[in-house]
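Would you mind keeping the following structure in view while I ask a few things?
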Amino acid sequence: MKKLINAPDDVVTDALAGLAAAHPSLRLDAENKVVIRGDAPRPNKVGLVSGGGSGHEPLHGGFVGYGMLDAACAGEVFTSPVPDQMLAATQAVNGGAGVLHIVKNYTGDILNFQLAAELADDEGIEVVSVVVNDDVAVQDSLYTAGRRGVGATVFVEKIAGALAEEGASLADVAAVAREVNERSRSFGVALTSCTLPAVGKPSFELAESEIELGIGIHGEPGRERTTITTAHNLAGTVMDAIADDMPLSGDVLVMVNGMGGTPLMELYVMFAEVQRYIEGHGARVARNLVGNYITSLDMQGFSVTVTQLTDTLTRLWDAPVDTPGLRWGR
Amino acid sequence: MKKLINAPDDVVTDALAGLAAAHPSLRLDAENKVVIRGDAPRPNKVGLVSGGGSGHEPLHGGFVGYGMLDAACAGEVFTSPVPDQMLAATQAVNGGAGVLHIVKNYTGDILNFQLAAELADDEGIEVVSVVVNDDVAVQDSLYTAGRRGVGATVFVEKIAGALAEEGASLADVAAVAREVNERSRSFGVALTSCTLPAVGKPSFELAESEIELGIGIHGEPGRERTTITTAHNLAGTVMDAIADDMPLSGDVLVMVNGMGGTPLMELYVMFAEVQRYIEGHGARVARNLVGNYITSLDMQGFSVTVTQLTDTLTRLWDAPVDTPGLRWGR
Amino acid sequence: MDTDVFRAWITDIATVIREQRDHLTQLDAAIGDADHGANLDRGFTAVAAALEADPPASPGAVLTLTGRTLISKVGGASGPLYGTAFRRAGKSLGDTSDVDLTALAAALEAALGGIQQLGAAKEGDKTMVDVLAPATSAFSKAVAEGQSAADALGALVAAAQAGAEATVSMQALKGRASYLGPRSVGHEDPGAASSALILAALRDAVLASP
Amino acid sequence: MDTDVFRAWITDIATVIREQRDHLTQLDAAIGDADHGANLDRGFTAVAAALEADPPASPGAVLTLTGRTLISKVGGASGPLYGTAFRRAGKSLGDTSDVDLTALAAALEAALGGIQQLGAAKEGDKTMVDVLAPATSAFSKAVAEGQSAADALGALVAAAQAGAEATVSMQALKGRASYLGPRSVGHEDPGAASSALILAALRDAVLASP
């Protein structure tokens, strides 16, 4: 294993220190591993808290700032943070209008955020939780822990953050977060595995021409192993899975996301194919993101997230944002 | 080789199509592989043209837009573009105030831009060329082709672009570009090699714990092969090389740049170390960039670029920019 | 069984988890995200330090501190689940200073109840419940029948090991492994494996006590 | 030597470069950026198509079109260098329709001059100049001595091959390989290797002509 780290046990702490050093507008609670907007708590603004295992950078710490999250809790690599961290974050951003917890649907994240919400409630802080579960690779049924939360998390954080910035109520911010989630679907593909710093070798092995379809963001194997094909064919597979679950129409917001080790050049090749597919199926790519936004350490691969827009969602997407990972209008 | 491409011969064209599709404010001259600002040529604004081999994304096409480049020419992977492309770009952005060519110091780039400048001159377009050569890993002497142009290219394009946006003359824009280059130094490290689409296997082989020090951005082997060590020690090696060549003082602009396959988490770990080094050597990191800005396909590794700021350079750095790769203030 | 026995149990867990850390991580790499060994090692190392720093005065207090520390240090799915289990067990013991087999059985039932309330897993879902449920019920039955400590704990561990083994052929319906669908079959569940280690450590601690 | 000979030379180059593409790329991977084979293959494929599309009427026009096409299609260091070389050679031949050995020698000298003017490499810098300079001078000398075409071209190719071989032990002082410093020693220069192929194709085309 070759990584730019000091020691596997220090990687999360060291990376957070680097993030805070690079962005003086953020505050770091190093003990609790919580990244906080420098101006939090903002009186009467709903506070947005998210968090999860590390290794998905820029998610979540890179999305703290004006118009997006107020705080993010970083767990160990691929491990949900603990309730103490979430409580610290919730306290730090509570400006009196309540706090929204944005939780990706994994058993660990759900359970820890649930315990944290109980602790916050004990302290008289109103908390509403929204669960993101957009991964169509997982059947949402009695036979699974439900769909995973993946790419739509970025959109939920951006759009709910914009509404909170406008001064909306906790109920309204939670509602728009749920709406974004309901209107979003994602699907991921791995070309290589990833290596956890504490493990030192890849989580699974893929042969020279093998790929995994339907992966999440934790180096879990996907639902199916197959053979690499052209970007055009891969886009077809991914988009068929998404469009089968949510027929495409109208204006959509699309993210072609890299898993951490994929060059931007290849992501642009994929975006061209995804856009062609969508426009060929009667919808229009009104907004897009192409780059590394929700990653799996050094994994090579990509995911696509599609959200059906409304005029309000488009307006909130376009609203100014100023975070390390997303910035426009300011 | 597993890559998100259709065919090795199409990768540059397909990626450019994706870039243009994702950013409707850009125009693509597909035949000449030139990415152009949608509003070019801007009357009486100096036009900024750069270009080089592909595989370094977001450089250069991702830096076309308000406050930065007016056009970028994309060569084949790691191969300088040809004079015809540079001439087409120059013609497309000439608003009557002349055109600046920003050229990274490689024999191929120098020769092709030189032929292009002659062709532009034949057409009565005033062209000034600025050569970027910031890589301290190469001795600038009779015994080399001179220092390579690497990370400082991003800073030159941003700062010269800001001055051009203010309406400065070609001579002044060229002067500030040269000033940025003279005040900048870079050094790069590879943890893995990279694979050219047309070649299909890595350009060199590194063993499990080997790294290359002093690499450029074309998968060339570096000056020295050594063993992986901590981020702290690596930062020391890289920063010693830079500081030996340009003593650190005052305010500096620092980029910790990923080579394409390195996760952001690790780049933040490196940034924390680099910042500590610089502040420990009596200078101050006044501005920074952490991320993938000038890459080598799927290579894992990083480079550090340090620029000694002046008040004017800081002001131009902070000026609004709106490109796919860098955006703030708009 | 006094406070020392329960302290010995927990420190034994810390030791065996440290030893089996890579094994647990390998199991998790196959059908999860390769962190179960690191998660529990981090957690029980913190627990051992907490017990050392401020030694609790009763068996119940040992387990409650263990549970609270796991919740604060582990994260993931196993942190809240094991943490809640130890807290419930500690609460069930109350402040008695000498725990008999009946009280221990009740505490284990309470632990299982906490895990199922929080995680909603049933037997057959390929989780730690597939160890804890049969082991607890075998232990309660043996205790009710008046078997000796050695025999009852033997039944506990035998059922635990059989339960862990049985997860190999199950398809996961809870936790990360469920995403794999049929591909989860053929691998032992990491949480089941760690639960079997935890219960074996309990037997060893009790039987080693004077 | 008429227009057909020169057209045959260029199409022979396209064929041999296609065959040696991977070999040239491997040489470039060792001390450069692994694109020399692809660069020249792309260039000469375009040249062959251009000659086909609008066949030039004189030897000089063949070489001029070759040079212009290389400049427009190759990029990198080798594009402008080889492109300029062929343009200079074409200019040197003028519009004569039958080239004798003296004119060919002058054209090769002009090509070398163009490369050195643009790239400023001297012999010993580990570039294509280490093939072109000794080969051109051996050829000019043989022609001046009145040797036969076969002998003079034999001298050309022998010197080219010796020149390419000699680059192995040189340290590069120009081009990308110079960044490697002493690590560039021990590898044949890719541009030297392609120059040797180009000159061997010239001999073959001339000797094969009726």
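So that you can tell them apart, the chains are marked A, B, C and D in the order they are listed, and the count of residues begins at 1 in each.
Here is the rule we use: contacts are C-beta pairs under 8 Å (C-beta built on N, C-alpha and C of every residue); 3 or more make two chains touch, one makes a residue touch a chain.
Everything quoted here is computed from the prediction, not taken from an experiment.
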>> Tell me the fewest steps from chain B to chain C, where a step is a jump to a chain it touches.
In response: 2
> If every chain is reduced to the average of its C-alpha atoms, which one ends up farthest from chain A?
Replying inline: D
>> Measuring centre to centre with CA averages, how many angstrom lie between chain B and chain D?
In response: 32
> Taking each chain's centre as the mean position of its Cα atoms, how many Å separate chain C from chain D?
Replying inline: 76
> Measuring from the mean C-alpha position of chain A to the mean C-alpha position of chain D, what distance in angstrom results?
Replying inline: 55
>> Give me the residue numbers in chain D that touch at least two other chains, ranges are fine.
In response: none
> Draw the chains as dots and join the ones that touch; what shape do you get: line, ring, star, complete or other?
Replying inline: line
>> Can you give me every chain pair that touches, using the contact definition above?
In response: A-B, A-C, B-D
> In the complex formed with chain A, which residues of chain C make contact?
Replying inline: 25, 29, 31-35, 38-39, 42, 71-81, 118-119, 171, 173-176, 178-181, 183
> In their shared complex, at which residues does chain A touch chain C?
Replying inline: 53, 75-84, 106-108, 111-112, 114-115, 137-139, 142-145, 148, 196, 198-199, 203-204, 216, 218-221, 223
>> Quick check on the complex: what are the chain B residues that touch chain A?
In response: 2-7, 11, 14-19, 21-22, 54-55, 57-58, 62, 191-192, 208-209, 211, 228, 230-232, 234, 260-272, 275, 285, 288, 290, 292, 295, 297-298, 300, 302, 327-330
